[in-house]
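Before we start, here is the structure in question, set down as structure tokens.
Each chain carries a letter (A, B, C, D, E, F, G, H, I and J) given by its place in the written order, and its residues are counted from 1.
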Amino acid sequence: MERGVKALKALVVGRLQQVKLQSGLSYNQIAEKTGLTNVYVAQLLRRQAQLKPHTAPRLRSALPQLSEDLVEEMMKPPMRSYDHDLIQEPTVYRLNEAVMHFGESIKEIINEEFGDGIMSAIDFYCSVDKVKGVDGKDRVVVTFDGKYLPHTEQRSEDMVSRISKEK
Amino acid sequence: MERGVKALKALVVGRLQQVKLQSGLSYNQIAEKTGLTNVYVAQLLRRQAQLKPHTAPRLRSALPQLSEDLVEEMMKPPMRSYDHDLIQEPTVYRLNEAVMHFGESIKEIINEEFGDGIMSAIDFYCSVDKVKGVDGKDRVVVTFDGKYLPHTEQRSEDMVSRISKEK
Amino acid sequence: MERGVKALKALVVGRLQQVKLQSGLSYNQIAEKTGLTNVYVAQLLRRQAQLKPHTAPRLRSALPQLSEDLVEEMMKPPMRSYDHDLIQEPTVYRLNEAVMHFGESIKEIINEEFGDGIMSAIDFYCSVDKVKGVDGKDRVVVTFDGKYLPHTEQRSEDMVSRISKEK
Amino acid sequence: MERGVKALKALVVGRLQQVKLQSGLSYNQIAEKTGLTNVYVAQLLRRQAQLKPHTAPRLRSALPQLSEDLVEEMMKPPMRSYDHDLIQEPTVYRLNEAVMHFGESIKEIINEEFGDGIMSAIDFYCSVDKVKGVDGKDRVVVTFDGKYLPHTEQRSEDMVSRISKEK
Amino acid sequence: MERGVKALKALVVGRLQQVKLQSGLSYNQIAEKTGLTNVYVAQLLRRQAQLKPHTAPRLRSALPQLSEDLVEEMMKPPMRSYDHDLIQEPTVYRLNEAVMHFGESIKEIINEEFGDGIMSAIDFYCSVDKVKGVDGKDRVVVTFDGKYLPHTEQRSEDMVSRISKEK
Amino acid sequence: MERGVKALKALVVGRLQQVKLQSGLSYNQIAEKTGLTNVYVAQLLRRQAQLKPHTAPRLRSALPQLSEDLVEEMMKPPMRSYDHDLIQEPTVYRLNEAVMHFGESIKEIINEEFGDGIMSAIDFYCSVDKVKGVDGKDRVVVTFDGKYLPHTEQRSEDMVSRISKEK
Amino acid sequence: MERGVKALKALVVGRLQQVKLQSGLSYNQIAEKTGLTNVYVAQLLRRQAQLKPHTAPRLRSALPQLSEDLVEEMMKPPMRSYDHDLIQEPTVYRLNEAVMHFGESIKEIINEEFGDGIMSAIDFYCSVDKVKGVDGKDRVVVTFDGKYLPHTEQRSEDMVSRISKEK
Amino acid sequence: MERGVKALKALVVGRLQQVKLQSGLSYNQIAEKTGLTNVYVAQLLRRQAQLKPHTAPRLRSALPQLSEDLVEEMMKPPMRSYDHDLIQEPTVYRLNEAVMHFGESIKEIINEEFGDGIMSAIDFYCSVDKVKGVDGKDRVVVTFDGKYLPHTEQRSEDMVSRISKEK
Amino acid sequence: MERGVKALKALVVGRLQQVKLQSGLSYNQIAEKTGLTNVYVAQLLRRQAQLKPHTAPRLRSALPQLSEDLVEEMMKPPMRSYDHDLIQEPTVYRLNEAVMHFGESIKEIINEEFGDGIMSAIDFYCSVDKVKGVDGKDRVVVTFDGKYLPHTEQRSEDMVSRISKEK
Amino acid sequence: MERGVKALKALVVGRLQQVKLQSGLSYNQIAEKTGLTNVYVAQLLRRQAQLKPHTAPRLRSALPQLSEDLVEEMMKPPMRSYDHDLIQEPTVYRLNEAVMHFGESIKEIINEEFGDGIMSAIDFYCSVDKVKGVDGKDRVVVTFDGKYLPHTEQRSEDMVSRISKEK
């Protein structure tokens, strides 16, 4: 994407992380105060999600250090992106490893249980939770919860854009 | 994906193309007989889409050469894929060129007109049409028509999978 | 391309986006005022297209904040390019996904309906439209409309450059 | 990995899929009969996991078509791998998109809640579930549940292999 | 592209090269007999170009060994492609080197002499010629001769596909 | 990962290397004073590992030039990463060469001696030692010592996160 | 190549382009005044070619704004390079497309007409010309004219470096 | 490398693995019988190392199923190679992760303790061992033991090949 | 390159290696009998060089097992290529390492000693020799000996192809 | 490698090149004054090799402009690296082309003449020389002269690091 966009995003994220640091709050604590999932809060503070009008007041009260221009910036649709080197980070690699090694199995189970469709990554929730395993040891639970989207059958009569064009 | 899956897909597509050749019909003609878009018909005959039960009879009557085992195979959710070298084909390259060079502009207009979301490629229609330009010359019109999907705000109270987990 | 070119382009785009922001106009609104497609306006303001002399006055009147040196810069043939990471953006990825998964089908339909040729990406129009689907929900329609270019048969007598060389 | 290994794996997986097809059971049904997660069953039938001795009888009774040589093969440690093109499949791409776009956030929350460590992909569970969203629509829930592994501090006195070397 | 397509193409090219070998003719000799450029003849015999109806008789008479089924196959629009390893061949590498090192200069001269547009690779001629240099030594002359295509200004009123949609 | 994170890491590492330079100590000497492996000390001073509270005093006394803000920074979980060009360095290439050429053998021996599992890179020690070979020449010994992690069998009854979800 | 070299080249090219802009001359006009091909002039002004002593006076008189230090810099052998993204530019892509799709044919014709050798890209001329096609429309002609270099047969008696070594 | 070489290697390795299977011996057991490291035995049986004449008898007696033509084949210098997908295997990935994340530290320690040189991967030993950690759990120890090779200072008087050339 | 070409090349090379094996001769011995460099002999027997008519008799007498159809095949201009995985072979990697790490230095010395030009890889000799180092140990000497090719100044009056075109 | 290291290296190289420029000496002239090969001098001045204590005085006297801090810097073990784009430079590409196209032949000749081993790139000399070919034309001779390193047989009794571990 255009350079200015990337540079601005980096700048804003730097300032948002500063605000979080000053607040002394964890993502979980901000999540509790705002009613959002912990991952979504982290996405908001890294400009990977848009702050919605009805949530802005709750975020402002959770993070009083947040200036108005930052809130305004957070309310714009972000340019979603990531650094390719992120795959080097052991935590991210292992998640990626699971997706690639289990991917075909996950797809087939979705097909069996839902039909020919996918799990949306847009109408989507993600959380990180801590549970105790059967051996009493801590376990990380990452939940991906996305709407089931069936592949549409492309019938001409349902393709509104084409009907109008044909007239 | 697993080798057998790829090999089987190639085999089935080869047989489907043979059936189409024998029928002497174009994709447009099959589209008309089945009420599907021309691109979707081509996707069906290359195992990139699933044949739905209510459409099977219409396809069978359009292509009487289609054997029952092929129809059965076509009704399974396909493993969607493409050959990387396809990008070498001038037609496909130019479509890709348009998407990459215009992509950021398209995203921004979607943001302005719809909000923070995307055009679904799953609830999606595609057609290829022929029109005369203002200079009277033939033009190719490729229409991409996908449902608008807004990025969800990930609120804990709406994340059903998490609520149940917390109980 | 040469570094200075890239840096200058980034600078100019940054200033053009600033002008648009100050105008408070959307791409659609500028499109209406200038008689251009919405995507083309966005391309102009990102230096991916050349501003033509007869359009300059209309753009100036739509965006009075536009300084003369910016207009002059916009009238030069641009160096067309994109950031590779753009493919990460979900909107752009899904367009790319559609092109690669449907590409071979689109090519074959062009061959059947037009002959052995391609859709030009140079004599080309693109627009983003909003329609209501049969379920009453918003849909994004991206239209690619390019001149059909038949692959020429390379006959020696028609190859002017060679004839002259042979003399 | 060595060619013979890959070819043998493809062959075995082809036969295992055949067995599943003949049984008429879904992954979920086999999971229920064997007490395994649905994803793990799918991994077993694609030779991405090792069949354990105490589970073999249950799998044999769930899939009576399973021949002894297949069971024996399934009990060997597999060579884990995947086809790079799997990323083209829309389902797998979206999971990957989620991991890469949310990855840094997930890492930071793990750091805040657990410390400097990762979610293991080896001491790991994965399941695919179906839930109803707050809008009553079907949702896919993919759960990744891995043991928390703290990065060890590498103290010389605890490095047994070095101590013995120094003696 | 789909596997069968690639395999069939390889098979047909193998047979075409056999025909050429049996004829004992060079590409230049066939070019002379058919009125085509030498490069185009080579493209035809490698299924990188479509044989046109009015040229078929001339090719048949130049290469009497050509069977009817091959001629028929040659008259279909080909799937254009190349092997990536071709870049290893010193001849092809040096052409590529010239294009990449001189590319920006060529673009700028086209802009200065023609305007904001490109050299078409579709309405295009290519030939290989032998000339004597000023030092009397043999030189290879590769001529690329393509139609100049100006980038269109995308005016809404000229976008036929859109007008009809708006009605 | 986010730009600010990378820039900050580079800055901190630059300062830490400066501290080491001023101390005049080698990694081995610091390792001896702190009871850590030599590689781990180097990782700490390049922000690839987290300084633990009980080790901080020993590091401070080994490197009195270390300022408090650096110590604080070192105690945060780092973002682990490396520069891709590192593979060009002959030392690193040869280690990589050994891993890739011997990798399949190492895996098979682990399978034979331990079972279906891996060597953890998280619960892990690494050291570089100097020994005399049988020819009396210096040899470099790099030891990788990681906990054996068996691939878990994913039994539903042991998947705590799923049990709670089902309730 | 080393960073300083790249930075200096970018700086010099920026200044050279400035000089050209001030002169108001096109590459063709400078070519005419200096007796060089238009592409070579453009290469000189982008530091992709070395300015020869006997040409320096002619370039100085064509571009009187050229300072002595720039002329001196231009007389050094340049570090030839290009930006990978240049392939995105439609003009450059289409040249590359032609080379890759026609490459094998060009090689074979060179083999037939010249023998086992290549077209040099070093003893090489390139020009961009404008011609009218048989339809009266403008066409771009890019000519690549390189010395034919036969692959040498490597006879020991002709390998001077080896003979001397053996003595 | 040339195709036949690869195919032959795969064939031979397949047969060697068969021999090992029939023997019922582990790599460790063969290592003990032959006096080789366990990794080296595995390399021999995968044609990644050359069987030396004095070791052939011991290997023959350890693996009596080994036919003479296999022994002969094993005594040729192998073409060393690996499958790129091996990096997907979790065991191999973690070794690679360790090398890349610790690589710069390992290099610096070698520089401090030995000087400006590297660990050879040719005069090299590798073993996999099992030890009990301080917590009594099994640990995998992979030892890389390579000769230290100092980078030579390239003095003309020591460059024998050049001296002879100059004479 | 086209598949048949690759498959044929592999087949021919396999047979040529068989002939060499039967002859019991080393490359050096064949080199001595034919007056070619040892590397060139190896290239001939791997179809990376063309057998010249005056050398064919000498090769036939050195390798009487060589059938006439193989000799004929060897006299055709080869399609030069290599397997990408060759870079994995330690010998080839180290040559490549030397070229890349020393490349810029070699270029600058050529510039200083010869001018703005390159070492040809076409008018080129290569040999592998064995010498004793000053320490009495064996050393491998690889000599690359290529004609110096100066980059031409592209003067219009010397560009024969263009002159004729202008007439 | 870490950013500061790269930036410092670039800075130092820039200063070293400045020193060379001021001295007015060529690499060959410095080589003669210091007794080093010309390539090694160039490597020293680009921080790709370590300046040895006994050579420092000779370099200082050859280049009196060399400041003490530069000499000190040059005496540290360098981080060896190169810019990937270097492969674009025609001189470097042709060397690389030779290595890749001749690589397998060179390996096989080393195997025949020396045994199963490689040419070291560490105990290594490189020079660039100018010779007259049999046609009286200038030729570039690049000599690679590296110690022969046999692949060790990995016998347990010779693996000192393991023996000590077992005790």
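Throughout what follows, a contact is a pair of C-beta atoms (placed from the backbone, for glycine too) under 8 Å apart; a residue touches a chain by one contact, two chains touch by 3 or more.
Just so you know, these numbers come straight off a predicted model, no measurement behind them.
Interface repeat of G-J: among F-H, A-C or A-D, over half of the contact pairs recur, by residue number, only in A-C. Copies chain B and chain H of the same sequence differ in orientation by 145 degrees, per CA superposition (steps of 5).
The chain with its Cα centroid farthest from the Cα centroid of chain D is G.
The distance from the centre of chain B to the centre of chain F, each centre being the mean of the chain's C-alpha atoms, comes to 47 Å.
With centres defined as mean CA coordinates, chain H is found 55 Å away from chain C. Here the spacing of chain B and chain D, counted between their Cα centres, is 30 Å. If you average the CA atoms of chain E and of chain J, the two centres end up 44 Å from each other. In chain A, the residues touching two or more other chains are 1-2, 39, 43, 46, 79-80, 82, 86, 88-90, 97, 100-101, 104, 107, 118, 120-122, 124, 126, 129, 131, 133, 139, 141, 143, 145, 158, 160-161, 164-165.
Put simply, chain D touches chain B in their complex at residues 10, 13-14, 17, 46, 83, 85-86, 88-90, 129, 131-134, 139, 141, 143.
Residues 88, 90, 93, 97, 100-101 of chain I are the ones that touch chain F when the two sit in their complex. Residues of chain A that touch chain D in their complex: 26-28, 38-39, 42-43, 46, 48, 80, 82, 86-87, 89-92, 94-110, 112-114, 118-121, 124, 126, 128, 130-131, 133, 137-148. Against chain I, the residues of chain H that register as touching in their complex are 1-4, 6, 79-82, 121-122, 158, 160-161, 164.
Taken together, the chain C residues at the contact with chain E in this complex read 1-2, 31, 35-37, 39-40, 43, 49-50, 52, 55, 77-79, 104, 107, 111, 115-118, 120, 122-127, 129, 141, 143, 145, 149-162, 165.
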